[in-house]
Every structure is written in structure tokens, then in C-alpha cells.
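Next, two complexes with subunit A in common: one pairs it with subunit B, the other with subunit C.
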Partner chain A sequence: LTQQSTAPRRTPWPAMTVVIGFEGSANKIGVGIVRDGVVLSNPRRTYITPPGQGFLPSETARHHRGVVLTVLKEALQQAGLTPADIDCVAYTKGPGMGAPLVTVAIVARTVAQLWRKPLLGVNHCIGHIEMGRLITGATNPTVLYVSGGNTQVIAYSERRYRIFGETIDIAVGNCLDRFARVIKISNDPSPGYNIEQMAKKSSRFVELPYTVKGMDVSFSGILSFVEEMAHKLLGSGECSAEDLCFSLQETVFAMLVEITERAMAHCGSQEVMIVGGVGCNLRLQEMMGVMCAERGARLFATDERFCIDNGAMIAQAGWEMFRSGQVTELKDSWITQRFRTDEVEVTWRD
Partner chain B sequence: HSGLDHNQKTGSCFFPSSSNATVPRMALEKASGAARPFLDGVEVVKQGAEARLYRGQFLGRAAIVKERFPKRYRHPSLDEKLTHRRTVQEVRSILRCRKSGIATPVVYFVDYTSHCIFLEEIVGAVTVRDHLNSARACGRDPEHLHALVERMGQILAKMHDEDVVHGDLTTSNMLLRGDADGGNAELVLIDFGLSYISALPEDKGVDLYVLEKAFLSTHPNTEELFGALLESYAACSKKSSPVIKKLDEVRLRGRKRSMVG
Partner chain C sequence: MAVHCSETSGQAKLEFALRIPFPSEREARIALQSLSPDREPRRGGIGKEMRAADNVLSVTWAADEARILRVSVGSFMDHLALVLETMEEFGPPAAP
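And now, the complex of A and B:
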């Protein structure tokens, strides 16, 4: 009798649901396969540009076109699966750069039709959040989502991931990337990683503009300041490139921790999760950890495998959506460069 | 026992007469300024993002002490600069608001060494946030809430006409003193911790944008209510049209951003 009462609830779904996810909204292209909370494979490639240069949409798309089928094969091989084992094909619907998004969506649509599997368009930001929740086990955290294109403080309420704070101009990752271009820091493996390594070699703080407005932040003033001052300061020997990296990180991360803490105080939250490419910066994680310890809160963070854009995060968000009954019809399987986190109805959470 | 109980029993205030007063666990680990002895035996009410709030008495009046303690995640010199600047700006903005007749807590005393501000405690008040939530939960008549947001709009208009930019407008930072349910309550603005003086429509527009986002994310599906707040703001402010124009611009900045990556 007791055994009967603890038997799992019968669901209309197959015992295992396998979702493949395609991501390519910026300069990474990834294909990941997830089966009921287990990442089976998650290969990725990055389009790296020379120092001083950013990535342009058409060239990035060309890069993605060149490698996407190789990455797809790797994903299937590493997972030890054939297309017949897949239940659903998820792809990034947006936000992101138009040309790379289109490239990846075409591949997703094609394989979905070849394999006769349902399609699912996923919001990229939701992908980060769901991947973070899966990997860290955080249940209902305040989310700091920081990447090259996004800076948002998010909390869940009433079927939406609501944006409590965000940048009012450029993203924090964009600020770091463009700073790296100004002083010609390498883009390999990423400008942010190289800034982090250089910052470790300094402890000299140069004051930079600090702009927090409630739960919102602004980075354009800092960028203008360093763009104008960097060469003067470096040329006169007043400070080193390492000092600038250190001061920039200390300033922008302090702003991010401040707005996260404000959102936590506002929502009464005791959990923080950092997601997005900038989220793998250990100094940011350290500063957030200090703030959390002072408040008696818990910090959840992930490493570069899952922080940085990848296919598994799209598969994981797709898995949640698919299990809650969503699919995307072929005629609706377009992409969009602008797609806000709070536009998605979260049908898979209470 | 709490520090507040102790104060009541001995009848002491913040003056250092009560030498045996218990120090709260978290109180002022390093502060050395004039405020230090005043804080003995008070009760920690809340730890916000910016500061710790203590409740106690100041010369016999109910008081809140706002202590900007060092933020250890920040670089010390950045922390010191921000903390000092914000303490100065907070007091300056409160005084300017009070001079123009906007209800805010009275500033009793400021200690710039330990970054403590001694403020009047707004006794028996509820936050607009709690009031809105409970009023919506129990299905209060829409006119009641409309009257409330209209008053909010009027007061913000007055504040901006005085060139005070609050910097952290949320429904948690507005209190209702008196009979909140009856509709005769007084609206009190609090927490000027990020405020500053500025005449720029851009700064005021961002101030409203911050409120809009906080309002709509805290109280889902209240777009119409917030619209009424803005209408009332526009009608009451003498300088509203460039501010509303900037608000529209700032909103577009958010929506238009490509959000790549």
C-alpha cells in the first residue's frame, strides 16, 4: 500500500525526453543535448577576431555556417545518440545578431523537418536562467544576467521572469569588450578573460565614473571616460594597462553587486544566481559572495562551460517548455533581434 | 532581550548615560565618530542594500538611525567616496524637500565620520507597496487606488520642480502615515540614499523610468494605474513636458537595445 502511494505521477510524456538545442546568437555557436536534466553533450566553437576588432554580423554568420554541421555531428556522437532518439529541436529565437540567428535557425528548421521532430523557439536569456537553475540547483534566485549584450537583474513572479534592474545604455560585457579594443587586449579566448588576468596583476585603484540609478546601471559614461583617458594615462605613465583593468573591474562589478543587493532587499530574496558570459569572472563571483555572506544569503554561480553561450542551455529551456506543452509551428519559427526576457510566459513554473 | 526594551526600561536615550547598554550584534563594528555612543542599546530593524537601520530614541523622540557601514565587496577608496557623497546628498535632498513642504522624515543629527544619519521614525506607517498589494488582493475599489497614485504623481512633480532627483523611487520607498485605508493618509517619501540635485530633464526622466520599472515589476498588471500616476505628474509639474519626453526616450533605449550575446 505504501509503495502504491509513493508511485510517480503518470504523465503523458515518454519516460525520458531528449531535447537538442542550437545556439548562435552572437560569436559562439553551440549544439547541446539534454535528457531529463542531464547534459549529454555540449560542443561549441567561438569566432575570435584580431585585437582591436569586434565581431560583425555577416562575418560571424559565415563562421557559424562553416562549422555548424561539424558541431552538430559532435553533439550527436558525444551523446551516443541518433536523430531518432531526439524528441524536440530547440533553437535560439532571439535576442541577438540577425545574421547569426538566421543561420542557426535554418539548420534547426532543416533537421527538425528531416527528422520529423517538433521545433521550439527559445528566448536566449531564459536559456541562461534555466541552465543556471539546473546546474546550481537554485530554486527561486534573484538572477544577475551579465553578458556582452545584456545586463539585467531578474526575479520570477507570476509566470514571468521580471526585469527589476538593467542597464539603461550598453551591456557590461560590451563595455569590457570595447575597453579591450581601446587598449588592444587580445580577444583570445575572450577579451573579458584577458582583462581579468591583467587585473590580477594590479591593486592600484583609479577612480572612474560610477553610475547607479536605483536598480538600474549605466556604463556608457565609464566607456567614454576610458576611451578618452586611457591613452593619455598610459602615455604619461600615470598608470598601467593592468591598473586600468583592475579599476574597471572593481568599478563595474561594484555597480552590479550593488543593484543585485538592492533587488534582493526589494524582493526579500536570499538567493543570488549569476549567469551569462561575464558571470564566469571570478572577481565578480568573489565580490558577490562577500555581499551574500554579509546578508546571510546564498550565491550560485557556474563556470565557463555553462555561463558562456552554449547549446545545452537552449536545450534545457526547450526541455522545460516542451514538457509544459509548448511547440513552435514551422510558420512561426522566425527569429528576432529584440526579445525581452519578460515577454515570455513561463508555463513551466508555479 | 532587544535593545529597544532596554531603552524603555531605563528611560535612556542615545546619550551615553546608559553605559551598561547592550550593543546589538551587528552594530558599528568599526565606527569611531560622535554617533558611536548614541547607538548603544538600539535595535537593528533592517539591513537594506545601502545601510543598516536601527530603531531607538533620540532626545526622547522615536528615531531611526541609518548607518552606511563599509561594504567589504567594494574597493576601500571607492567605498569611502561613495559613502561620503551619498550621506551628504541624502541629507541635502531631504532638507530641500522639507523646505518645499514634501513630507519626509526630519533629520535630527548627522555624523559624517561613521556615516550615520539620525532620522525621525515614521510611526504607524505602511509602505505603499504593502498597501497596494493588500488593497489589490482584497479587491478594493479602483477609485481608492487612483486617488493614491494621483497623490504620488503630485508629490513627485513637486519634488522634481525643486530639482531633487530621488534616485531610487519604488513603492517600498513611499510610506502612508495615518489612515491608509480611509484615503486620508499622508504620503511620506523616504530613502534618499541615491538622491541628488539636478535640473536636467534627463535625470528626472530616468527617475520616473526607475519608478515605472519597479512599480510594474512589483505590482504586475498595473499599467493603467501607473499611467494615471504619470498623468497626474504631468498635470502638476511646471516643467513636465521635457521630462516626459525624456522618459519616452529612455524607455526606447531599453526596448531598442539589441541585447546581443
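And now, the complex of A and C:
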């Protein structure tokens, strides 16, 4: 399920194509190098805030500024390559937080010019999808993309990754992260991971609002509800923090499985792929797996190396884009905080 | 070569100018093209112009309020420092 494919999957090309990818749209900064379907290196750092605190744009940008060149050096060293071996420099154009995006884009633009290589701005969501396809080998899956900033159900049709359903307010990962802050769960290595571990210690379900609206989901009401109830219930001993973690996961994951199943029925799809940081949650994978088994469908998922934001995913999407003839001129290389998955014309798929 | 990074609205009161010399014209131009694509996050109240001539990158600001000017100049200095560090670590520019 999580094996790295070692053979190039695409049509032969005169020479091997090496793409370096820079990612820093949220609290992870990563640089990855991909050569024809093989991840040569993928170092990453995470900006971890104290319990109860989220990551703010300017502090996150400062973190990225402090480590980006070290991570870049690691990426080249681990791949055993020099700048001359690189064919294209890819970076995240958006969506994401403005200040961190600019920081990473500036380094990408500078090295692209120093090394005289073409530059390529990549949509972050497309990066997750293409990385997932490479790692899992899924050919045409219904995609559930779940992270701290995004929650979308996506299917490919006629040169676009089309959004079938999405959150109408906050992302599922944002709901989990903010719940973690309310009850002061550690952000190390990530709030979602710690919620998952705590949830394993409970099986007592506290009923929470369940908000699926057609193809879309909503998490802000659930968050408000648990924020308000948490201290009351925990203070009176009516339930434990573990019970709340368990109940929150069961509720929001059931919602995600429901809209994914609806999109599959609509598209006649027999494959599901989960990408994005929340996608490495094993309970979500397990619940999705049950649904897939009932439908005779296959589930594809990856582990934290590729689910969580990383540089190789930008390199991989950049590789596909570059090979289909795309490049980004420097004057057009501005970053954008809003950049929908379906804005990108998928020039590399039939 | 010059790039206008944002529009100035109304009568600008406060101005700030920087001249940054680089080892060569090529590096000044690289810095210009790395630092100029992104628009100022704030709409209005500040104008910024960058140009590279010979080996010097020149930046001028014109703003209505000191606070806005300070934020923009501060953020530019952070970005400039990052470009300079990147050039030190991964330069000099490759030959054509």
C-alpha cells in the first residue's frame, strides 16, 4: 500500500528528467527531488508551536527562512546531485498562507536563476494528488483530500480535477487542530497524531452534531459544540478527553466517508485515494476501508512521509507539468493564497 | 529594468529609498526578479518601485502612513537577506 514505485510509469523520454520541489504553504517546509517517478530525497522540517497555540503566518515564515537553505542542501546531498543535474525548479504557488509561501518562492526563484533552470509554479492540492498517484499506483481514483487547510472530494474528468464536495467552512484538520488547542493537546509531532493516539484509549461515544449537506460537509458547528462542551463535560467528569477525541474522530470521519461514497456512486468509481495530512490517520483509513470493502472498491493511502506536506509532491506535480510543456515565467511567479484545485488545466492526463 | 510593485493612491507623504550593490549586474537582476513578482499584500496606501541598473538594485517606497511603510520595508529586508544568503550558498550564477 505504501511502497515506493521504482519504475517510471510514463512514456519514454529522451533523457531522465530531474525536478526539485519547494513546499512551504503551511507549517512544514520541505524540499524534494524526483527523477522519473523515483523520489531521490525529501527532507522536511515542521514548525511546532506550544500546546494551545496555532501557527501564525509571520512566525511560520520566520521559521521557514531560518531552515530553508539547510533543507535545500540536505535535499541535494541525499540525492547525490549537484544543481547542474536539475532540469526544473518547482515551488508551491498556492493555496496557503501568504508569508510562508513568499519566503519559499523567493528561494526557488533565486536558485532557478542562479542555476539557469526553468521555474514552475505548482498548485499545492495538485501536488498531493500527483504524489498519491505516484506512490499508490492508483490510476483514476476518487480523491479525498483532507488537511489542516483543505477538505475536498475530487474526481478527474476532462482535463480537470473536479471538486465534487468540500467543506463549506473550516477544513477537517483545522477542526481537529483547534479542538486540540482547547484541551491543550501537544502539537508535537502534530495535534492530529496525538488526538488519534488518545482516541485509541476510548470507545465511549459522545454524540456530536453530524453535518453533511448534500455533497458538502461543515465542521465549524461541531468545533463550536465541542469547544463549549469540553470544559463542562471534562470538569464534571461526565467524560474524558480520550472520549472526546474518539467521538470527534468517529463523527468527522463518518461524514468524510459518506461524501466520498456518494461521489464514488456518482462517478461509478471503484478506487478511493486519501491524500493530505489528515490522510495518514489510520482510523480514517480503516473506516474508508470498510466502506470500500462493502462496495468492492479499492482503497489507496500513503503514510506520513508523503501524506503530510513535503517537497517531493511539488516536484512530482512539477515533473508532470514540465514534461507536458509547462513553465512559469518569473514575472508570473507570484504566489496566491487562494488557488482552487479545479483552476488548473491538467495537461498531463488524457 | 524596473518593476512597479503596486499603485500609489492619493498624495504620498513618506518616502524611503534603498540602493543595494551586487557583485555583478547579473546578480542585481536576479535579486530584482526574485523580489518583484509578489504584490504588496495591502491594497493602497503604499507604492513600491524596484529597478536594477548596472550592479545596483534600487528600491523606493512612497506611503501615506509610517506604520505601513515600516511593515513593507521590514518585510523587504527579510526577503532581501534571504536572497543574499541563497546567492552566498548556491551562487555564483552559472555561466550561460
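Throughout what follows, the second predicted complex is superposed on the first by the 336 of 350 C-alpha atoms of A that agree within 3 Å, B and C clash if a C-alpha of one lies under 4 Å from a C-alpha of the other, contacts with A are read in each partner's own complex, and residues count from 1 in each chain.
Just so it is clear, contacts are C-beta pairs under 8 Å (C-beta built on N, C-alpha and C of every residue); 3 or more make two chains touch, one makes a residue touch a chain.
Worth saying up front: this structure is predicted, and the values here are computed from it rather than measured.
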Subunit A contact check, subunit B vs subunit C, more residues touched by chain B
Which of subunit B and subunit C A:244 touches, first, second, both or neither
neither
With both complexes superposed on chain A, which partner does A:258 reach: first (subunit B), second (subunit C), both or neither?
first
> Just subunit B (first), just subunit C (second), both, or neither: which does A:83 touch?
Replying inline: second
- Message: After the superposition on A, what does A:334 contact: first (subunit B), second (subunit C), both or neither?
- Response: second
* To do: Classify the contacts of A:114 with the two partner chains as first (subunit B alone), second (subunit C alone), both, or neither.
  => second
Residue positions on subunit A within touch of subunit C in the complex are 61-62, 65, 68-69, 72-73, 83-84, 98-99, 102-103, 105-107, 109-111, 113-116, 330-335
The residues of subunit C that touch subunit A in their complex are 3, 30-31, 33-39, 41, 75, 78-79, 82-83, 85-87, 89-94, 96
In the complex, the residues of subunit B that touch subunit A are 47-50, 71-75, 77-78, 81-82, 167-170, 172, 194, 206-207, 209-211, 213-214, 217-218, 220, 250, 253-261
Contacts from subunit A onto subunit B in the complex sit at residues 25-27, 95-97, 125, 147-150, 155, 157-158, 160, 162-171, 173, 205, 207, 210, 212-216, 250-251, 254, 257-258, 261-262, 264-266, 276-277, 287-288, 290-291, 294-295, 309, 337-340, 342
